[in-house]
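Next come two complexes, and both contain chain A; in the first it sits with chain B, in the second with chain C.
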Partner chain A sequence: MIRELTSFFISIYAIIYIYQLSLLASGDFSSYDLFVRNPATIGFSIIALFFTLYHAVTWFSLMGRIQVVKLGPKKTATPLQAIAINLLLLLIVSYAIVYLFILR
Partner chain B sequence: MKKEYKSDKLHALLWGVFSVGGFIAAFLLPVLIYIDNIAYPLGLWPVANSSLIKIVFMVSLFSTIFVFITIGGSLFHGIFRFKTTLPELGLKRASSLISAVGYIIIAAGLIALAYYLFQLYHGFDPSLFHRII
Partner chain C sequence: MATRSQGVLDKMTKESGVETATLKVFRYRPEVQTEPYVQEYKVPYRRDMVVLDALNYIKDHIDGTLSYRWSCRMGICGSCGANVDGEPKLTCASFLHEFKGKEIKIEPLANFPVIKDLIVNIEDFMEKLDHIKPWIIRKEETPLEKGEYRQTPEELEAYKQFSMCINCMLCYAACPIYGMNEEFLGPAATALAYRYIADTRDQDHEARFPMVHDKEGVWECTLVGECSVACPKGVDPMLAIQKTKILGATQILKPPRRGK
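Take a look at the complex of A and B:
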């Protein structure tokens, strides 16, 4: 059930993000700033991040069950292997995005 | 028979997009939430000394496409899953209405997202951003 609940937070966050873009597009940057710095927005974002990460873990576990990978004579039998590899991939992808769009 | 095949094809396509949205929400959404709504307002790494243009990913066409794919895919995945879950929670009689409302939210969200990103990408004045930093 918690897995289904993650979709609620993902949807609401996406709608809030579109609202943030509308504030930027209207040229009202101080409203944008005020909105993102609002403690309620920050609090919701932290909860949304937690549920998104929970979604990621359950999604990776599902991948491990659906797509069993053969490594020589062995097979990735437990979803734990899929979760570990994909979490590592998530870290690499996240850092690549930060590097490409922020640090570079 | 042909009509049934077409409906099945559409059904498979929608579940396919749902699945892609699941990957996008798992791999790309966490970093977007962290940068735009946690690190920026709290002044944390990696955006502590960055310009707001970079923080809201309005750097290039590539980053605009990144925001569209991430938010659009996550919106589709989230609403699609939510609309599929609600009938299982005892709202089976209203499932067609829930489906219709879900698709309307997805369509309106994607149109609004594309519209605002297009507006920001074309009519962008970076000097306005620097004024509030």
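Take a look at the complex of A and C:
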């Protein structure tokens, strides 16, 4: 149930992030600077990061079990192999997109 | 009715130095009072006792008014579900020694209306089981002369674990989505629907798609996963729900599957 709790930290972080953007948009860079450098902001951001990572790791670790990857007619990938394959494909497709639209 | 083991327990309580377990049991007796209350019982403790043994001891020796469901006492009938110390468990499968040194709180199964004491109203669940057509649907009946349906071990593996459900409803008690929304189809019903969808003998799994792909069907699920944690039989309803989501999302790409 901890994964459900992470949504609380992420939504508070989203509000903080929107506030930071509003400070930037208003042109008040010194206020933005003060806010971002505030130890409370940094502390909360680190906590929110840990919860986000927890969510991501637990979520994607289920991927291997749910979407079974077949390695040929008889063999199926273990959950760990399935995550590795998916991440590899993600990297390849991401690089292709970056290359096609930005680097070229 | 005094059985031999009850005689032994009675003897134990008379001797000094017998360990006791304290149970705090939720009571609700609408014919006596409208408000529920908690009643504390002290039960003589033996290492091999489960919560159900304690409840039976209470009913036989201390308080005959305590009401609860149980039957097989071996984890196969699915009758004895309750919230033991906040966790949905089968009382016949929860050993008292897990709670050594603590008071044990026994409450009725979460997320269901309470009829009396630990007995909950399971009508909603029974309707949902019926709703998803839990039988093999054939488009063409195979004549008897053709012999029995045959399945390879792989075809059996595809649905076997989802057929192990004992309808104990611990998954519904564990599911926070069901706790907030009674309309949600829920883990066990979806696992049962998937059990038939994945069975190669079934020829019309799309007949169940309107039920499982309803907005109150699998799409309410946010992958909390507590249902699979609570399941005493390893059914993994979370997996069944996600597999059904994938089927629903990809059905437009695949030709309809033909059964045997």
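Going forward, the second predicted complex is superposed on the first by the 72 of 104 C-alpha atoms of A that agree within 3 Å, B and C clash if a C-alpha of one lies under 4 Å from a C-alpha of the other, contacts with A are read in each partner's own complex, and residues count from 1 in each chain.
Here is the rule we use: a contact is a pair of C-beta atoms (placed from the backbone, for glycine too) under 8 Å apart; a residue touches a chain by one contact, two chains touch by 3 or more.
Quantities reported herein were computed from a predicted structural model and do not represent experimental measurements.
> Could you look at A:66 and tell me whether it touches chain B, chain C, both or neither (first, second, both, neither)?
second
> Considering only the touch criterion stated at the top, classify A:90 as touching first (chain B), second (chain C), both, or neither.
So A:90 only meets chain B here.
> Who contacts more of chain A, chain B or chain C?
B
> In the overlay, answer first, second, both or neither for which of chain B and chain C A:4 touches.
So A:4 meets both chain B and chain C here.
> A:102 in the overlay: touching chain B, chain C, both, or neither? Say first, second, both or neither.
first
> Same chain A residues contacting chain B and chain C, which ones?
4, 59
> Can you name the residues of chain B that touch chain A in the complex?
That would be residues 22-23, 25-38, 40-42, 46-47, 50, 52, 54-59, 63, 66-67, 71, 74-75, 77-82, 85, 105, 109, 112-113, 115-117, 119-120, 125, 128-129, 131-132 of chain B.
> In the complex of these two chains, what residues of chain A are touching chain C?
Contacts found on chain A: 1, 3-4, 59, 62, 65-67.
> Residue numbers of chain C touching chain A in their complex, please.
Residues in contact with chain A: 176, 222-226, 239, 242-243, 246.
> Of all residues in chain A, which touch chain B in the complex?
4, 7-15, 17-18, 20-22, 24-25, 27, 29-30, 33, 36-37, 41-42, 45-46, 48-49, 52-53, 55-56, 59-60, 86, 89-90, 93-94, 97-98, 100-103
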